[in-house]
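Below, subunit A partners subunit B and then partners subunit C, in two separate complexes.
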Partner chain A sequence: MNWEIVLLFVAPVICSLPIAFYWVKEPGSDRARKLPMLSVFGLFISFVIAIHILLTYPNGTYTIPWLPEYNINFVFIFDYLSKYMGALTAFIAFMIGLYGLEYMKHDYRLGWYWFFFNMFTASMLLVVYSDNLLMLLIGWEGLGLASWGLIGHWFRDDDHLSYVGVVGRKVGPLKMYWPPSYGGWRAISTIRIGDMPMFFAVAAIYALTGNLNISQIHWGVLFTKIGLAGTVFLMLCFLMGPFTKSAQLPFSEWLMTAMTGPTTVSALLHSATMVAAGTYLFIRLSWYIHPWALHAVPGVSVLYYIVLLVGLFSALYGASVAIGCLERKVLLAASTMSSLGLMFGCAAASYWYGKLAVLIAFWYLMTHAFAKATLFLVAGHLIHATHDRFCCGDLNLAKKMKTAFIATIIATIALGGLPPLTAYWVKAGMDTVMHHIAETVGSLPLDLLLITSLLYSAFLAKFLSLNFWKGDKYHLHLHGEKLMPFAYACVVSMVFLLLYRILTGTDPLAETHLLEYGLDKDSFIVGLGVTGTYLFALVVPRIRALSPIGTFLGDRMYLPALNDFIVPSIGWAISKLIEYTHKAIDWFCHFGLPDGMLGISRRIRAIQVGYMRVYMKIALAFVMAAIVVSMLGWL
Partner chain B sequence: MLDFSTVLALVILTVGAACSLKDVRISLATSLLALAIVLAAAVSTPQLFMYVLLVIAIGVLTVFSMSVKENQMSGIDYALVALITVITVYVAYTSDIAFVLASFVIASVPTYALIFVSTDGKPPHVDVAIKYIAFMVLATVLFIIGTLLLVYSSSVKDTALYTLGFVMLILGLGMEVGCAPMHEWVPDVFSAADPLPLSVIASITKIVPFIAAYKILLLTSLPQLSNLTLFVAFIAVISMFTGNIGALTAKETGRILAYSTVANMGYIIATLAVITSKNFLYLAFAGALLQLIVNAFGKASFFASIKTDGCSRPLMYVLALSFIGLPPLMGFWSKFFILTSLVGAGLVWLAFLLIVNSAISIPYYLRIARNLAKDTVPGKVTAIALVASAAMLITVLPPNWFINIAKMVIGGV
Partner chain C sequence: MMLLYVLLLPFVVTFLTPLMKPRLATAVSAVAFLIPFAYTIYGLASGLVVKIPVADVVHPIGRFYILGDQVSFSFALAICIVSAMVALYSLPYMAHRFEEMGRELESEYRKYIFFYNLYATSMLWLVFSGNFIMLYIFLEISLLASFLLIYMYGYGDRRRVATLYFVWTHIAGMLALIGFLMTAAANGSLAFDAIAKIGFVAWLLIFLGMIIKLPGLGPHVWLPWAHAEAPTPVSALLSPLTVGLGAYVILRAYLISPWFIKAYTMPIFVYGVVSSIYAGFMVFRQNDYKRLLAFSTISQMGYCLIAFGLGTYGIMAVIIQYISHAFGKAILFMTAGGIIANYHGLRDITKMGGMHEYIPTISNAALLGFMNLGGILTVGMFGEFFILKGVVDTFGLDISTILAVVFVFIISGLYSFYTYKRIYCGTPAGYEKVKVNRLLDTPLFIIGIVSILLIFPPLAAILLNAVKAVIAKVAIATIGGVAP
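Moving on, here comes the complex of A and B:
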């Protein structure tokens, strides 16, 4: 058990070291180009172990001593969440690894790519399986570092195919295009903003409870101890990490420009790692905080209401942006943000609805992961085939890329919530949850969810239609790829596995309920509505008359201004302030002080006129003044 | 024992001065003999021996500095310097206010004659001498009246009169040693008079007034005293700033030394603000006394060096660095004692201003050293500077022993 667990995290990293070092020695040589196989083999090892854990390990924690005297250890947790999530992560990473063998074949920096790719996977697995918050932070930071490395992979900014936005386009002072180097920087800088308060929150949790194991901390006791304001402040600080990692409002911009990385990276980043880490952590926390049992504790309701609204508004924002977006990967990125928002919102609803809401959020996470990974992999293939980042393609293309076409149809239907595929049952669960909590928190969450769902299926249909049916002209450059179609075919088939489990009710926790919700009349009406918008968008993917609105949405409602204008302006203002302070100090040291001293010194020496009458006048005046003052005591 | 030897020394000095009309060397010999007798007598009080030794060393240095060049009163001047030295030793032993006052006068009056000294047949510097004497007389009068008021008011517990006495005493003391804003005579005298008598006036004569002031204030203290220390602090701050800032633009070495004296007297008079703090009084006085000794050694050597247009480079820098307060030189410890006592007595702001002033003083002390530095040539002045520099180095180990001496000098009261 011991070695297996260690191998799970270490194997991918170890196996990526040969290419990482060999590429430095002989970049681009034939021998070096064979080494990525080894990296993928490392991912395969992790995959096998994760499946083994899923199938055979008993639920519980497994501890490897680290700092036992401080009650800090490597604590691995095997429960419903981590087993499924681990298997999902390892599977998708392995599949994308296979895809990457072909996709990245001609790249100029394979050592860098594979090292960070495998480190990305290992970090995510560490986050998934750790119960200890400090150990989790190691994985968490690994994710941040690897995302920086991978998003900025094409750091030379020499290929416009890797940019985001129309190159050269400007709106007011804002440049509406972003190169890879900038994307990488944006990712790491945004994430750091969230990680900083998260570190302090983890430290505070340790200081207050003496324990860092999520499943062992008595959250209710902790929250009661620090009161309403304390709870909200502490947990919001903590959640700044998940919010920035999962690109919730207003930290979403980095996710959009993360599309400057290789598509394999986008696929991994958007399905099973990185952004999923944020929601996964919140789901895991809620699973053990038991918020539904803490109604007597002040602050928890405020906290969960905030998360609910942040999640659902992010979901609506993401869906709206995706509606206006014409760039393949950016459209999918916005849709990811929307999905993550739904996960946050649904998990937060557990405060009012109970544990089942957390479970539904988790099932949505899984469904989304498989479908979104498929869509990204297809998008990557399309970009290769058409040499275009923007949606383009027609039925002829669909004929030539049958696998991609079919995978896209399945993924969009399965993710959009059209009955009877996977997401329909999960979304039905969400509808029920939001409907239920409307009694206590009002109908706003339900409304947001419904609008988001309608928009969601619409832009998925738009993606399908603009790429395989009614899109612009294109030039096709097929190279007879085999591995890439195989990979996304495998990934998309997983949505059927999930569907199978839902319909047969083989999972003791979730499926039976999901089946119940899906068979509800209201859910079915929503399903019909979603199907309607899907079909409409499929036939009418673009409405030219509305293109100003589309541009506004596609420009992400000018939220880039926050990252590219407002925050830098504040930074500039601070640096100007510092500059002027420096100048003032310099002036004071070089001129103010010496000149002042010189002046005073001359004044002092000006007394020495040489006449004794002057001296005596001064001295006696002082003597007399002092004596007079001293005699005031007589009064 | 000491009383007897003091009288003996005075007799020997008088005889020697008389004989110097015959031969100058007789007076030099008798002066040294008198100092030796006093030193020998001090062996009987080992607690104070180091103090006596340091004072005698300064005395011998100043006697030699007077002998650097022949002047119109050669012979008499040695005796006068030796007389000041003997009194400086004696004042530490007495606790009688009358004797303390007498010491104050005796240590001051010989300088009225010395200020007229001129060499190479030049006419005496009468104008600066008049300025000097006028200020000194006024200072002495203020000091004596202040003392009398203090003695009387402390016996009848008249606080108003006590305040007046205190203020007059401090004014007299300040004027005597050259504290701002009564310092006007100092730059003129120090830049215009002959450097040789200045090596006496600027150095050893500053010691007695402070010891006298401390003794008188401690003997006549009333609870009222603690309210009056702010006045002392006020004069100290004005003095420090006037001296240090004034020295920054002064170019003549004598003038720089004049402002340096004003600043140093500021540091020293600041310690009188601690006089009502039982725990830090002795530390404060130790700082004051050590600073006076540093000042005496340094100023004697610098003025003697001015006379010969410079002196050995390393020695000049050692003395300058000691004035700046570089550890482990004596000048560091004196300032350290003063600062510690000020902080301990709760006068942190005054300590802070003192540190600021120490920083301001760095450039002009280095300027003095640069002005005077030249290659080492064996000679009388080099020997004087060498002894003074060696004295600055006796505090390589922290001079805790000096605090006990300080305690004896005023605690013997």
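Moving on, here comes the complex of A and C:
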């Protein structure tokens, strides 16, 4: 058991080292171009182990000593969440790895790419299986670093195909296009702002409880001890990590420009790692905090209400932006943000609804992961085939790329919540949850959810339509790819596996309920509405008359101003002020003071010239001064 | 006695290397620091505490002895590995520098390597000194050696900068010396184990002296000059190792008589935060790579000041932060030097961009360096963790102090990656790709790997258990207590 667990995380990293080093030595040589196979083999090892864990490991924790004197150890947890999530992550990573062998074949920086890609996977697996918060932070930081490396992979900024936005376009002071190096910087800077408060929260939990194992901390006791303000402050600090990683408002911008990375990276980033890590962590926390049992503890309700609203508003924002987007990957990125918001919202509803809400959020996470990975992989294939980042294509294209076409249809339907495919049942669960909690928190969450759902299926249909049916003109360059279609065909087929589990109700925890919710009349009406918007958008993917609104939405409601204008302006103003202060101190110490001393010294030396009359004058002056002083005294 | 031999090794080597050819001298110097490195790990792992008497000096000064405890070993860990690696790096770098200055390699290198080893050895001995006067002597030797190195091989207006450096650090040393002597008068000895209490004025003088050396906001103005204009291998010792020794001296005084720091926790904390943020913002405005790194040093040393006031975990954080910063900054100065050596003195960041294209190994090393500064996946992570825990231990869930510290950490991360982006990413600036001398990049990776290994077992447990032993010795009750 021991070696297997270590291997799960270490294998991908170790297997990517040969290419990382060899590429530095002989970049681009034939031998170096064969080494990625080894990296993918490392991912395969992880995949096999994760499946083994899913099928055979008993629930429980497993400890490897790390800092036993501090009561901090590598504690791996195997439970419902981690087993499924681990298998999912390892599977998707392996599939994208296969896809990447073909997609990245001619790249100029494979050593960097594969090292960070595998580290990305390993870090996510560490986050998934870890019960200890400090150990989780290692994986968490690993995710941040690897995502930075991968988003900025094409660091030369020389290929406009890797940019986001229309190159050269400006709105006011804002440049509405972003090169890869800038995308990487935006990602790491945003994440840093979230990670540090989270790091503090972890340290504070350690200081207050002496324990860092999520499943062992007595959360209720902790919250009672620190009171309402303490709980809200501490947990909001903690959730800054998940919020920034999962790109919730107002930290969403980095995710949109993360599309400057290779598509494989976007696919992995958006489905099973990074952004999913944030929601996954919140789901895991809620699973062990048992918020539904803490109604007597002050602060918890405030906290969960905040998360509920942040999640649902982000969902609505993301969906609206996606409606206005015409760039393939950015559209999908905005949709991811929307989905993550739904997951946060649904998991937060568990405070009022109970554990089932957490489970539904988790099931949505899984459904979303497979469908979104598929869509991204298809988008990558399309970008390769058409050399265009923006949506384009018609039925002729669909005929030539049949697998991609079919995979897109399945993924959009399965993710959009059209009955009877997978997301319908999960979304039905969400509807029920929000409907239920409307009695206590009002109908706002339900309304947000419904609007988001309608928009969501619409832009998915728009994606399908603009790429395979009614899109703009394009130039096709097919290269006879085999691995790429194979990979997304495999990934999309997994939504049927989930559907099968739901319909047969074999899982005692979730599926039976999902089936019940789906068969409810209200849910079915929502399903019909969603189908309606899907069909409408399929037929009318663009409404030219509404294009000003579309531009506003597609420009992400000018939220980029926050990252690119407001925050930097404040920062530069402060740093300028500080620089002037520094210059003043520096001048005083190194020029003013020495030069002043020099001047005084010169004056004093100037007196000592050796002429008698000078000394006489000085003596006379002293006498005069003495007389004046004595006169003053006499008066 | 083993410790004595291990410490004597670099000392003897210092005087032998000038007799050797450059390549041999370099190799011998590196080995002379790698052996003590191995020994420090052994010392940390076995919880070793040794005292070796050296001499009995006249009355108020007391015994000189070598003190090897967990604090010494922790600091020595960083000093040894960095000194060894920078020694290796010196050879190609100084060869370039001598060529630039029109001097002959073999004869100049004799001088250089002597002062280099003297400098590094004196720092190593400093952390094993068991008497404040002994400590002061090594402090001054290190100052003299580094002063001469800047004076002889520095850049820009090197003589002026060297003098400036000398004056400032000499003021620092003088203040501390007066403090030491006052302590001697009050206690009848300056041996660490014989001092009962350090009085207010003495403490204040030591503290102020070390604030200049550290440096805190205000006296920090000397540092950007000295670190930017020193020859790069010297910068790579000055910034990572020497300035942090200010924290070491304060730490030693704290372990003997902690009352001063405890009484003025809040002012020191605020001062640390302000210094760190101030310097952090300055980093964004620098266009000279080495000067930029110098400002980052001030920011990082602010961490140490912050940590001093944070009780037991704060003290642990000081030690970890010293190590982490030493690793990170040594790597980064060497990357700056790598660019200088390969591109004829290129230091201006505005003329860089996309440098990863030309020097991928140095760029990757710089990433390791910046990870150290940001505490990402390197030993600095524990430093930040302990500081944050210390904040909660000391102030409870106090929003303003917590946000201040969090902001300090955020700034470090931001300027690290911002700088990386400016220098190594973006449209390549149009230079020739060069073949980098192996000694200009391999040592950087070795330091980087050590810094990563230190967060995983077994090294993490060895280091942190040793650091925890420090707490047991101090046995200070937690100040403040937990949250209301």
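Just so we're on the same page, the second predicted complex is superposed on the first by the 583 of 635 C-alpha atoms of A that agree within 3 Å, B and C clash if a C-alpha of one lies under 4 Å from a C-alpha of the other, contacts with A are read in each partner's own complex, and residues count from 1 in each chain.
Here is the rule we use: a contact is a pair of C-beta atoms (placed from the backbone, for glycine too) under 8 Å apart; a residue touches a chain by one contact, two chains touch by 3 or more.
The model shown is predicted, which means the values in this text are computed figures rather than measured ones.
In the superposed model, A:D30 lies in contact with neither subunit B nor subunit C. Subunit A is touched at more residues by one of its partners, and among subunit B and subunit C that partner is C. Touch criterion not met for A:E439: it reaches neither subunit B nor subunit C.
With both structures placed on the common chain, the touch criterion links A:Y70 to subunit C but leaves subunit B unconnected.
Interface of subunit B with subunit A (complex): residues 130-131, 134-135, 138, 142, 159-160, 163-164, 166-168, 171, 175, 181-182, 184-185, 187-188, 231, 242, 245-250, 259, 360. For subunit A in complex with subunit B, the residues that touch the partner chain are 597-598, 600-602, 604-605, 607-608, 610, 612, 614-616, 618-620, 622-623, 626-627, 629-631, 633-634.
Residues 164, 218, 221-222, 225, 278, 281-282, 284-285, 354, 356-357, 360-361, 364, 371, 374, 376-377, 381, 384-386, 388-389, 391-393, 397, 399, 402, 405-406, 409-410, 413-414, 417-418, 421, 424-428, 455-457, 460-461, 464-465, 468, 482-484 of subunit C are the ones that touch subunit A when the two sit in their complex. Note for the complex: subunit A touches subunit C at residues 24, 27, 64-70, 134, 137-138, 141-142, 144-145, 148, 152, 155-158, 179-182, 184-185, 188-189, 192-193, 195-197, 199-200, 202-204, 206-208, 225-227, 230, 233-234, 237, 571-572, 574-576, 578-579, 581-582, 585-586, 589-590.
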